[in-house]
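What follows is one structure encoded as structure tokens, with my remarks underneath.
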Amino acid sequence: MLYHVRMDVRVPHDLDPARFEALKVAEKARAEALQREGTWRHLWRIAGEYANVSIFDVPNHDALHAILSTLPLFPFMAITVTPLARHPSAIG
Amino acid sequence: MLYHVRMDVRVPHDLDPARFEALKVAEKARAEALQREGTWRHLWRIAGEYANVSIFDVPNHDALHAILSTLPLFPFMAITVTPLARHPSAIG
Amino acid sequence: MLYHVRMDVRVPHDLDPARFEALKVAEKARAEALQREGTWRHLWRIAGEYANVSIFDVPNHDALHAILSTLPLFPFMAITVTPLARHPSAIG
Amino acid sequence: MLYHVRMDVRVPHDLDPARFEALKVAEKARAEALQREGTWRHLWRIAGEYANVSIFDVPNHDALHAILSTLPLFPFMAITVTPLARHPSAIG
Amino acid sequence: MLYHVRMDVRVPHDLDPARFEALKVAEKARAEALQREGTWRHLWRIAGEYANVSIFDVPNHDALHAILSTLPLFPFMAITVTPLARHPSAIG
Amino acid sequence: MLYHVRMDVRVPHDLDPARFEALKVAEKARAEALQREGTWRHLWRIAGEYANVSIFDVPNHDALHAILSTLPLFPFMAITVTPLARHPSAIG
Amino acid sequence: MLYHVRMDVRVPHDLDPARFEALKVAEKARAEALQREGTWRHLWRIAGEYANVSIFDVPNHDALHAILSTLPLFPFMAITVTPLARHPSAIG
Amino acid sequence: MLYHVRMDVRVPHDLDPARFEALKVAEKARAEALQREGTWRHLWRIAGEYANVSIFDVPNHDALHAILSTLPLFPFMAITVTPLARHPSAIG
Amino acid sequence: MLYHVRMDVRVPHDLDPARFEALKVAEKARAEALQREGTWRHLWRIAGEYANVSIFDVPNHDALHAILSTLPLFPFMAITVTPLARHPSAIG
Amino acid sequence: MLYHVRMDVRVPHDLDPARFEALKVAEKARAEALQREGTWRHLWRIAGEYANVSIFDVPNHDALHAILSTLPLFPFMAITVTPLARHPSAIG
């Protein structure tokens, strides 16, 4: 089941730089692993913003929340979730 | 080049039903043709709304506008376009 | 799987009264049937507004959209859907 | 009498982690106690967000405010309350 | 129990003037009757707008909705309800 | 002359607790004094929020501003003022 | 006493042109008369919009509402009123 | 002096098509004439929307308003004006 | 040429009080000087808010920006500028 | 290909002044270099705000994001990007 997710990263300017770098490295590793297993189906950068648009494919809401809420940058992200249904004009 | 497009259809209640049906048939045909040629890469229904989220792959802004502004339902849609860049953590 | 749905009914003042009455009767019948079968789990009126808050229990996004988009008053409603996950502090 | 309550938790990044953990433990205990006594009728996590949708059943506005304003995480939550009336199409 | 209610009247310009006048007369009569019985405790005009701020004193949400939804101008009003609790610094 | 005033208190989490307690005590004393002299005509808590709705009765805008801007919690409040006129359907 | 008033004129496209012209002529006459008597102290056009910013000098809220609500274009205007107090740094 | 202007065209669906076509032809002619004389310095289409971003170079606010308010499509446009100053890092 | 300017002052609670007092004294001196020379034509306090509405009379956008951006409190203000044109119904 | 970019600079009041000055110097150098090479086509200050409106001419979204996300002030800017297409009434 597909979910459209937008994540906006908001970094407090007084966050410890080393801690933030570690979080970004962990976030990247997690994002890549979830893409490899087919859960994080698409991941795009919104041009000009520290934000992304993503498509997740997970069995249910609980699975989605478990993934999003454990992302290393979760405490610094504003997230909005939109459930996607099949469009009657979609092909293939 | 990828563009994230959200389209919200707003149908005036006093629109002639036959005209509206004809527009919807034409819209569906156009959407399917654009998907077949690879331009309209993804088309999802937003659950519960008369709206979609789409991903277009076109060479430039002019090409995108030419497509969107000639969709049969264009006069009845609120459209927002977001340019998508490659995300540093995207794989494949 | 649970979805939180808010529906705001917006009736154009020049809608034919007989047609609107028929739509409301059909809407009520449909709402009651969906409640009886356990799909429409909760239905509350927002005090002072022509709007409701509802909880739906359906297998997936497609099922939800199929229900909402065929409600008799769908063309006159603004709908927002929020997917609900299990809360770690919820009991029972 | 039913109230629809949405709570969004906003944790300042420089809040003392030990203090925050203690608040979360106390919040969970309070939420479970209020559910057991039937006051906090429903508690759902909004998928992807540090937020919940809840239904409270209390005798009046003062009782609701007394409960919400003494939740351990109250100083870190944005709360919106919506009074719910019986819907004419609700069954049972 | 007190409720803060804001009502904004929105009159379509092509509404039949005689019908609108009749609605206003009926609304005024209803407002005066509800004030006399103590239900509609305060009624103020927002300066410069076709809108009012009101305080209602009713036993519960259902009673409030029954009153508001049967006001003659209800179909032409945007209404927002805010439940009021006792303030710890209020006297008397 | 009546003014509708909404005050939302926003307390920075790193404000010195002793200073904040002192401000609250002073605020309460000032609110009670202004109510006793008839200036602060109504003071209600918005259920579930650290906010109030108030009605002030003062001779003019300068008097209102003098009162509001010297409230002990003024630096921590977002305030909106709405001038209230007599409603043609108000009785008494 | 001074009030800051913003008026946005919204003309339905199917309003009878002759009626609208008559309303504009009457509005202009009324605006000029109120300026001459010193009530409508300033009247500026917002560049590029069918809207104005005005300063009124009237004894109280009721007087302001009486003026605004009887402007010929009142039914076609969105109006917001802001009470102005003396600024401590204002001279003269 | 430069002004940034955004224009969003909103066409009522029941506007007479012949009238609308005539307005568009007149608008195009006016836009081209103003560009030729150097007043309308830039004119860009916002991709996917019936809207434009423009830069005007006129001596003052009155000249800008005179131009914008007499555009043939003015009654069907929402316009926002932003005054542009020289940027300290701009070259040339 | 006239500009309508709204300034909202936002003071961080942990700003050094002595520094803030010095800024306010400097701001007041600057505001009075600009009023005396006729540049800052009107300066009003918005009742109940730490904000003002002002009218500036300057030759062009650059002059306006030079003034506003060097106000002592500029780093702590949210400012919105609206260019004012002559209104066709304004007299005098 | 043209992009309309708005940048709002938001400087935390407790940012180290020397660091901020260094960032501004670097930002200015980068802006001037990008203007010289023709990438940053226009750069205007929004009068009264610490913000700019810019037009970029770059081959694609990735190039735009690479430029914007490496601006020295990027961590302190809110940026919105709007893709610009050719307008049918644009000349030259």
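Chains here go by letter, A, B, C, D, E, F, G, H, I and J, matching the order in which they are written, and residues are numbered from 1 within each.
By definition in this document, a contact is a pair of C-beta atoms (placed from the backbone, for glycine too) under 8 Å apart; a residue touches a chain by one contact, two chains touch by 3 or more.
These are the chains along with the protein names UniProt gives them: A, B, C, D, E, F, G, H, I, J = Muconolactone Delta-isomerase.
These numbers come from a predicted model, not from an experiment.
In terms of the stated touch criterion, the partners common to chain A and chain J are B, listed by label.
Two chain pairs, E-G and G-I, are weighed by contacting C-beta pairs, with G-I ahead. Which listed pair repeats A-J comes down to matching contact pairs by residue number; over half match for F-I among A-B, G-I or F-I.
Chain B and chain I have Cα centroids separated by 45 Å. With centres defined as mean CA coordinates, chain I is found 29 Å away from chain H.
Chain geometry summary: the mean Cα position of chain H and that of chain J are 23 Å apart. Chain D and chain H have centres, each the mean of its CA atoms, that are 49 Å apart. The set of chain F residues that touch two or more partner chains comprises 2-3, 14, 45-47, 61, 64-65, 81, 83-86. Pairwise, the chains that touch each other are A-B, A-C, A-D, A-J, B-C, B-H, B-J, C-D, C-E, D-E, D-F, E-F, E-G, F-G, F-I, G-H, G-I, H-I, H-J, I-J. Residue ranges of chain B in contact with chain A, taken from their complex: 2, 4, 27-28, 31-32, 35-36, 42-47, 52-53, 55, 82-92.
Interface residues of chain D facing chain F in the complex, by the touch rule stated above, are 3, 5, 12, 14-15, 61-62, 64-65, 68-69, 75-76, 79-81. By the touch rule above, chain D contacts chain A in their complex via residues 11, 13-14, 45-50. Within the complex formed with chain A, the chain C residues making contact are 1-3, 60-62, 64-65, 81-86.
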